[in-house]
Structures are given as C-alpha cells and as structure tokens.
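For clarity, chains are labelled A, B and C in written order, and residue numbers in each chain start from 1.
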Amino acid sequence: EESVSGSASSYVDNSYLFLIGGIIVMLMAAGFCMLEAGLVRSKNAAMQSTKNVALYSIAGLMFWVIGYNIAYPGAWIGGDEGLKFFGMPAMDAFFWAGGDLSVESDAGYAPASDWFFQMVFVATAASIVSGTVAERVKLWPFLIFTAVLTAVIYPVVVSWEWGAGFLDTKWAFSDFAGSTLVHSVGGWAALVGAIIIGPRAGKYFGKQVHPMPGSNIPLAALGTFLLWFGWFGFNGASQLAAGTAADINSVAQIFANTNMAAVGGVLAAMITTAVLYKGKIDATMVFNGAIGGLVSITAEPLMPSMGQAVLIGGVGGILVVLAVPLLDKFKIDDVVGAIPAHLVCGIWGTMIVPATHGAAFMPNEAGDPNFIGQLVGVGVTGIFVVAASTVVWMLLKLTMGVRCSLEAEEMGLDKAEIGLEAYPEFTSG
Amino acid sequence: EESVSGSASSYVDNSYLFLIGGIIVMLMAAGFCMLEAGLVRSKNAAMQSTKNVALYSIAGLMFWVIGYNIAYPGAWIGGDEGLKFFGMPAMDAFFWAGGDLSVESDAGYAPASDWFFQMVFVATAASIVSGTVAERVKLWPFLIFTAVLTAVIYPVVVSWEWGAGFLDTKWAFSDFAGSTLVHSVGGWAALVGAIIIGPRAGKYFGKQVHPMPGSNIPLAALGTFLLWFGWFGFNGASQLAAGTAADINSVAQIFANTNMAAVGGVLAAMITTAVLYKGKIDATMVFNGAIGGLVSITAEPLMPSMGQAVLIGGVGGILVVLAVPLLDKFKIDDVVGAIPAHLVCGIWGTMIVPATHGAAFMPNEAGDPNFIGQLVGVGVTGIFVVAASTVVWMLLKLTMGVRCSLEAEEMGLDKAEIGLEAYPEFTSG
Amino acid sequence: EESVSGSASSYVDNSYLFLIGGIIVMLMAAGFCMLEAGLVRSKNAAMQSTKNVALYSIAGLMFWVIGYNIAYPGAWIGGDEGLKFFGMPAMDAFFWAGGDLSVESDAGYAPASDWFFQMVFVATAASIVSGTVAERVKLWPFLIFTAVLTAVIYPVVVSWEWGAGFLDTKWAFSDFAGSTLVHSVGGWAALVGAIIIGPRAGKYFGKQVHPMPGSNIPLAALGTFLLWFGWFGFNGASQLAAGTAADINSVAQIFANTNMAAVGGVLAAMITTAVLYKGKIDATMVFNGAIGGLVSITAEPLMPSMGQAVLIGGVGGILVVLAVPLLDKFKIDDVVGAIPAHLVCGIWGTMIVPATHGAAFMPNEAGDPNFIGQLVGVGVTGIFVVAASTVVWMLLKLTMGVRCSLEAEEMGLDKAEIGLEAYPEFTSG
C-alpha cells in the first residue's frame, strides 16, 4: 500500500476543496435558472431556461479560451510565460495537449481544480445579467454579450485583484470571494443592459409601474435555496486551502457566517416589507433578501463574528427592499431584482470590509483593508464595467439590435425565438 | 511546502465530514420546500415556499442565539463555563468576537463545523411542522412557534441525549442521528399544531374525508429526492468522524443502509397501496414511504446489515400507509403526511434499535441500547414536546390567533398574506 | 489525539471520493426525474415522477441482491469465493450480518463505499429506459423490466469489462466511466422497449410526425443541470482513487473535461438547430445536447485535452440533433430523446477513445485501447443487451402485456394507474 506524505495529503485536501466547492457553485447555475424561470412570465420561461444553459456553456468556453489567462497572467501551468496572454498558451497547452498529471503542482493543488473553481465564478457573473434583461433581449446578442463579459470584461477586473494587479498591490483592496469582482461586475453589466435595452413594453406608464408577476414562485424558491447552497462553495472554497487545522477552521467559520448573512437578509427583508406593506410580506423580496445577504458577506466572510454576519446580511436585505422601487422610479426594468441584490449589496459588502479588519481609512504599510482602497476598487470596477458594457451593448444595438420586436415580446420569446412553450398545457396563451 | 501531521489530516477529514454533511442536510430545506409546495393547493404554494425560507432562517438564528448552548451545555468554544447557558456566551463569543481560528480544537474538528452541522438538524425539525399545518396557519404565529421550537424545545430534548444528559447516561438511550430527537420532536410539535389549529375548512364532513390533492406532484417528487440526498449527510456525517479507516468504513456502511431503508420504504408503500387500492399505487404514499423509510433507519443506520435496513425501512413504509387514514379518522389534518413519516416512523426506528445491538431489554452495565431505555426516551420526548408545544400553540391561539380567517383560507394564503400568487397564469383562481 | 498513517489518509480520501461521488450521482436520479417529468405531457407527469422514484429503488435492491456479485465476481468482501455468484453471498454477508468495519480493506477504500458508488450507476442505466418508453408503458411490466435490467443484464455487461472479464483482458476495451457499459446499455434496452411497445397513439400518421410537446420546460432545464452536476461524480469518482497528487490531478482534469464536453454539446446543438431551423434554436435539443456531450466524454474523460473534450462533446451534440428525426423516420417513439443522447453518443464516445490514446487499430501487447477492441465492446454489448431485452420485453408482452389500454393512454397514466393528477388545477383535462 502506498504511503502518502503530509504534503500530498494537504495537496489532496486543497484540491478537494476546489473541486467540491466548484461543483457546488456550478449548481448555482441551476439556482439562477430556477429563480429566473420562476420570476419571468410563462411565455418567456422556456427561453429563460435555455439562456441559462447556454450562458453557463459560453462562460466556460470563453474563460478557457481567453479569460483565465487574462485574469491570472502567468498563472497557467506549463507553456511559455511570454505567450500567456490572450489565450494562446491555453490553446497551446490545453487545446491539443494536457498537462503532466503525475506531479504535484507548486501551487499546492491540482491546476485543473483551480481552473474549474474559477470558471464557475465567471458563470455566476454572467447569470446575473441574464435575469435583469429577461423577457425582451434577443437571444444571440445576449449570448455575444455573455461571451465578451466572460472572455474579457470580468477577467480584466479579476486580474487587478486576484491576479495580483494594482488593486491588490497598491490599494490593499480586499474582496474575499467577489462581492465586487463577481457580483457587482455582473450587476453593472446588467444595469447598463437594462438601460440600453429599455424596459419591457407596458412596464411603465408615466409614473405608474405595472406589475408583471412571476409565473412560478415555487421554482423561484428552489432557485433561492440552490443559490444559498452554492454559496457555501462560493465563499467557503475561496479560502483556497483546507489542508491544515487553521484553514479548515476558517472554512468552517465562513460556512457559518455565510449562512448567518443569508439569515439576516431574509429576516430583514421580511420585517421591512411587513412594515412597508402593512403586514404583508413580499415573497420575492424575501428570496432576494437571502441573495442580498449572501452577496453582502461575500467580500469578507471570514473575519466577521456570526453576529456581525447577521447584521451585514441584514443591511443587505434592507437595501434590496429599498433599491427595487428606486430602480422602478428611474424606469430601469430589472425583471428578477438582480441589480439590488448583486450590485447594491455587492458595493455594501465591499465597503464594510475594513470594519472587521481594524477599520483603516487609508492604504497603510500593514496592507490592511481600508475604506479608500475599497472605494477605489468599487469605483474603478464600476467605471470600467459600465464603460465596457456600454460599448458592447451599443455595438450590438447598432449592428444586430438587442431588443426583440414588439410582436415577439407580446407573443413571448418562447414561441418567437425557440419555437416551443414552457407550459403549453397550463396557459391559454 | 508545509507538512501536515497525521492528526491534522484527521482533523481536516472530520471537519470536512461536518461541512459537507452540513450543506447536504441544508439542501433538505429545499427538499421540504419542494415537497410541501407540491402537496399544497396552488393558492397556498407561494406562502408555503416563503415559510420554508423563513423557517430555515429563524432556526439558524435561534439555534445560534440560544439553542446550541442549551443542547450542548459546556460545549461551546471559549468563554466562561458558568455563563454558557441560555445563549449569553454565544452572544459573548460570537456576536462581536470570533474564536481563534489558528489552533486545533481539542474536539478534533473545527468548532464552527460542528455548529453548522447541528444547526441544519434543528431546521429539519422545524420543516416537519410546516408541512402539517399548511394551508390554514397564519404566518407570524407559525414563525413564532418555529422560533420557540428551535430556540428551546428541540435543544432541551437534544441536551438529554446528545448533550450527555440523563437519557444518555441513565438509560443508555440510543438515537444515532435523530429518529426521536429530530423527527419525532418535529412530529409531536406538528401533531399538537394540527389539533389546536384544526383541520382545513371542508376537509371533513362527518365521516367523509374530502381529498384536497396537491397542486404539483413533480415538485413533490423533487422534494423527495432532495430529502433522500440530504439524508446521506444527515445520517452519514452523524458518525461525527471520518479520519480513520474504521470511521470511513462506518460512514460508508451508513450510506448504504440509509439508501436501502429508503428503498424498503418505497417498495413497501408501493406494494401496500397496490394491495389496498386494487392495483393503483398512490404516488404521495410512495414519496412518503421513502421518507418514512429514511426516518426509520435514522436512529441506527450503522449496525444493521443492508438486509435489515431494507426491512426496517420497509416497515416504515407500511406504517406511513396505515397511519395516514388513521389520522383522518381522528380528523387530524396533516397536509403533507409529515406525522406518519416523521413521528410514527421516528418511534418505530427508535424502538427497533436494540434489535441490532444484542436486543437488551433493560438498561445494563454494558450500556447497550435496550427496549426500556428506548421507550423512556420516546416517552419523555413525547410528553415534553406535547406539553411544551401545547403551551406555545395555545398561548399563540389566545393572543394573536393561530388560524387565518375563513375568507383568507378560501382565497388562499398567497393572496391573503403575501400578496402574490404562486402561479398567476395557470389557475383561474 | 489519534495519529493517522499516510495510508489511512489515502484510504479515507479514496472512500470520500466514492461516497461524495456516489451521492452526487444519486442526484442524477432526481435529474432524470425532472427531465422526464418536464418532457412528458402533464397527464403523465405524476406517473413519470413515481416511476423514477420506484426504478431507483428497484435498481438499488436488485443490484444488492444479485447484480453486484455478477458484475464483480469475487469482489464482495468476506464470504466464500465459490458462492459469490448470483447473490447468495450477498445474502449471507449482508442480509443478516454486516462486515467488520474496524479494519482497512485491502482494496484501499471502504467496501461499502464502492458498492454504493456502483449502485448509483446501475440506477442511471435504468433511468435511461424510463424516459424513452414513457406515456404508454404499463407500470408493473416496466418495473419488472427494470428489475431484470439491474439484476442481470447490466451486471453481466459490466462483468466483461470492469469485472475483469474478456473485454478487459482480451480486447483491451476501454470505457472509463461507462459510455458503453452504462449509457449504451440503457440506450439499447430503451430502443428495444420503444420498438416492442410501439409509439404513442397519434404520434405518427403515415409520414407525418405529430409533435407532443413537453409540459414543463423549466423542470427539464433543472433536470439537465442536475444531470450535468451529477456527471462530475459519475466521471470524476470513476478515477477510483484520490489519495495522491497524481490521482487528484486526474480527478481535476476529468472535472474540467467533463464540463467542456457538455459545453461542446450545448453549443453544437444550438448552432446546429439554429442552422437547420432557420435561426430558431430548439430548447429540448440544447438540453439533450448537454447530455449527449456528457455521454460522449464518459468513455474517456481523462486523456483528452480540454479542446479535445469540447470537440468530442460537440460531435455528441450534433449527433443528438441528427438522430432525433432519424428515429422518427423509423417511427421509433423516444419521448425524451434518450436514445440519441445515451445510445448514439455512447457509441461515439467509446469509438473515439483510441484517438486520445495513441490511436492503435488492433489489440496490442501494450494493452492500449484500440479501434477493433472498442468495436468489439460496442458490438457484443449491443448484441447481448438487444437480445436479452427482446426476450424480457416479449415475455412481458405475452404474459401481462406491456402497453396500457388506449383509454388509459388518452386519459393519461396519472389518472389511469396512480389515481392522482400531476397538476390538477392547471389543466382542464
């Protein structure tokens, strides 16, 4: 029987963390799919389901061909350092030849396990956009936007921080699992998309907001639970190591804090809506409260105590409830409420990080997270993603168009673009 | 590269067991949600979904603030032993300050991993109640009951056994993963709730039982599969350690037995209903048969052979089929069949434990599980939970009322209490 | 504190792989259930859900009583070698007595973890049949076929290869995780069933094909994601070991390749249907494209580079799109498209294996995978499963009948055979 050295054991533990964390996060793709399919009207539910399968696929392809090497320059195994930008080495090393699997990587974990774990993160960013622009965006332009987002926009932002770029080295920007890097990136891209594409037909009449209720609330609840479940992988495996007592203690603390932040988000959203709406709670706000709480803790799920996690998530839940009508006021039509949950709470979660790290105001010698650094990170991410998304959405609008015809919108995208209905027997439509 | 000692490896393995087991059990919350949303009528399906998200949140909050310290007096990390009751040390140690994560806990696993794993158990107990009292209980009284159940009632019972209390030390009561401590606790609370709240309007006319079929059977099937999946974490990680060959062998045996008990439950329910109903099997009985089988093996999933597991689960499946009409006879309206599956099978599973442990009748010097000890455990649990639940439900009834108005019940709780419908386009309601 | 030797650590890691992989694959049962419940008409959706719960149960029972010992002769722990065939030792060792759990098995992993992992594979094969013959097969004959498939037919084929039989030793047949052994076995059995049972009433009029659209596309999307998720366990844990750097590197590579093959299948199906159907993509083809891609990489998920995985999966996606109308041409009514995805792609995936292994043509001294060996494996599997399935389906047809009455088919199997409807409030049926 083979003997395993301590380091091999740690190597296995670390890789397991990425792999198990990765597939758990992969299930978030199903979570987004269910949440969105449940919150659109039935005439668009098959299209929304199809888009979610397609975007997860495109994210994986693009992040492999180009994105990973932009995000982590020099991080890819094997190959020539100088060629590692813009996908060429990925093509070289992985298109026709796999790596040598018999040796331990110096990184301390299986290289492909890291790639896999990073890939499911980019898919998450893409999923956020999908829900906001649902029910009126055309399929192919949406998929092209997804390709650019996952190949370039997201990876560039990630390179600034997790890729050891200037946000990390100059500003001590801190974003443990991606409140800004993943969630606000997706949120900014969604916001720009919602503005450029415009609201659904009939959503706004003057100052009136016409409610367009989701067609399948139990599916939305399922989506919420699947996202919550996936978040344990999202935050927990972002500890990046599990082979020592200190690391696994940290992973455990992250699990507990992640759960408590979602708890805070749910309860805050329940109480806030009960107060605002005279005792009636709003089910979709409760679901988005959970997500808002989860996004809020994602920038720092390790340092807070469990009580602080409840509060951080709770503020996230309140922000969701307040931001939804605010978007409507500006006639920004976010079908599933992704902008409040991912963008607003992503900013909140990022800005509160220094509070559990000594509350430094400026970048300092110790390299501690600080409010200015967080603000810079949030700001440059916002500016870049808004600019890049505007260019891409506008180019798409000017060339192939981003919005389906009014006829298609009224008929529903299921019939118009994919030729089958989500529930052919349940509706007279 | 860091070297890891054997004990660190075991520490990591044990903690992994809790964390992975924990999130798998967390997915049971989604399973209960789908099962219940599928088995209520469509006019209550959004409410039922919302309740399940809310109860999972409340269970987590209350078990952290109070419950864990009641259940495991002295078990909390850090802090002053004398203050560890009723949540104060939890407040102290975890509300504003996290523990020291850099050291191995003497317990042999990451402390927060244990908390997390225990927390998802209490959520399970709360989920059981939710299904039984569906379609007529008011939201807020239900949530308050959930808070008391998870903060006090469940933890007190757990303290008697897993917290090294009198059932463990005096009676050698044995309940590996909670047939009694989790499932019958939830079941008793549900039973009392069903009696105090009363049956749904129109359910019983004299001796006639009016069927109120579930609105979405595929969701109920999904819920069943998710519960089955989650049970591998529920029973498997209750081995509490995985760092040695003996421990992982045991976890593996538990997985196999857990599966076979569910298999027994399914097949027994199928055959029994086919015999009773002239060849037609009853789908919801089959689903509850799986759950009944799983509950039955939960008190002892390790010692039985796989064949014994099939039989133990099979009896559970039969009990489910027999208990459902019995409840109807007493006009106890259990919407999803949770009382047969969790309470009746929980008692059965607990009482059969000694049969695979040498079949001792009385408590003995060896400390083996014995029938009298099991009976005492089942009995005191029942008496305490019935008494406590009666007090809480009655207080709620006398103060805020526990039951929605007849108008609300007819309209459906979706419209009445949360202001949106589960399926606005599928029903004319 | 207990010290753990390196080999114990490896033993734990290996067993964890089987157990976690196993439950992930178990969730594929839920995936098949959702896919099939979503793709049948609503009048058969409760029946389809029930069948999936039942078949998973029967597969587990039969593989334990008989199948495992046929598949792996001599592999069962304990007991007399000479009696290990046809279930007797399983009865002996496991019906009334469990194994000794305190010792490390020489196999290097917990014995029950291997049994569990193998069991969920046989359930997969059975699930494939279920979807194809949906909406007109009678419940009990279907379940009896499932019992024979999982007790005998599948295990015999497995014994030829994974049980170290002639395909392994004489032909160097290579099928890493079961493109042929699992997926084409299920596919052949489904094909024979579809032919013997005949198409649904009204499906074919002369050369016209009457579309019978699925009733719940979001559930089918959920099923696709759950299958995709489960496949990481299916392929990843088929590495069979995870205790060394080389092994975990391989598991990681398998995860990445498995994902990329599904990506290829999705995108190829999207593009192909968009081209064939004038810009409209076909949602169910996209879902089956993912599955086809996954089946295609299952015979060899380790050796290909990620680029090759995309191509192998992509061809699978195209094959799915082309095979569906081909079946219709022959009036073979495959309700969910399981034959294209599992049988056609299973053959494709198996035949392409040598291309990533040195592309040997004939069996050779090095024992490399070779095209002739693969052809023999595919061929004998096909011949045996077709012959055996024909005998079983015909015996069932001649004795109890395999097809429900035309009245039952028109009424729907939900009402006819299980006495409740899947969605009683959504349809006027």
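Criterion: a residue touches a chain if its C-beta (ideal position, glycine included) is under 8 Å from a C-beta of that chain, and two chains touch if they have at least 3 such contacts.
For clarity, every value in this text was computed on a predicted model and none was experimentally measured.
Where the sister copies subunit B and subunit C meet, the same residue numbers recur on both sides for under half of the interface positions. The rotation relating subunit A to subunit B, fitted on Cα atoms, amounts to 120°, rounded to the nearest 5.
Taking the mean of the C-alpha atoms as each chain's centre, subunit B and subunit C sit 32 Å apart.
In subunit A, the residues that reach two or more other chains under the touch definition are 5-6, 9, 16, 20, 216, 222, 423, 426. Considering their complex, residues 5-7, 9-10, 13, 16, 20, 24, 41-42, 108, 213-218, 220-222, 224-226, 228-229, 232, 236, 242-253, 255-256, 259-260, 262-263, 266-267, 270, 277, 280-284, 286-287, 290, 303-308, 310, 423, 426-427, 429 of subunit C touch subunit A. Residues of subunit C touching subunit B in their complex: 1-6, 8-9, 11-12, 15-16, 18-20, 22-23, 26-27, 29-30, 33-34, 37-38, 45-50, 52-54, 57-58, 60-61, 64, 91, 94-99, 101-105, 110-113, 115-116, 119, 139, 216, 219, 222, 414, 417-426.
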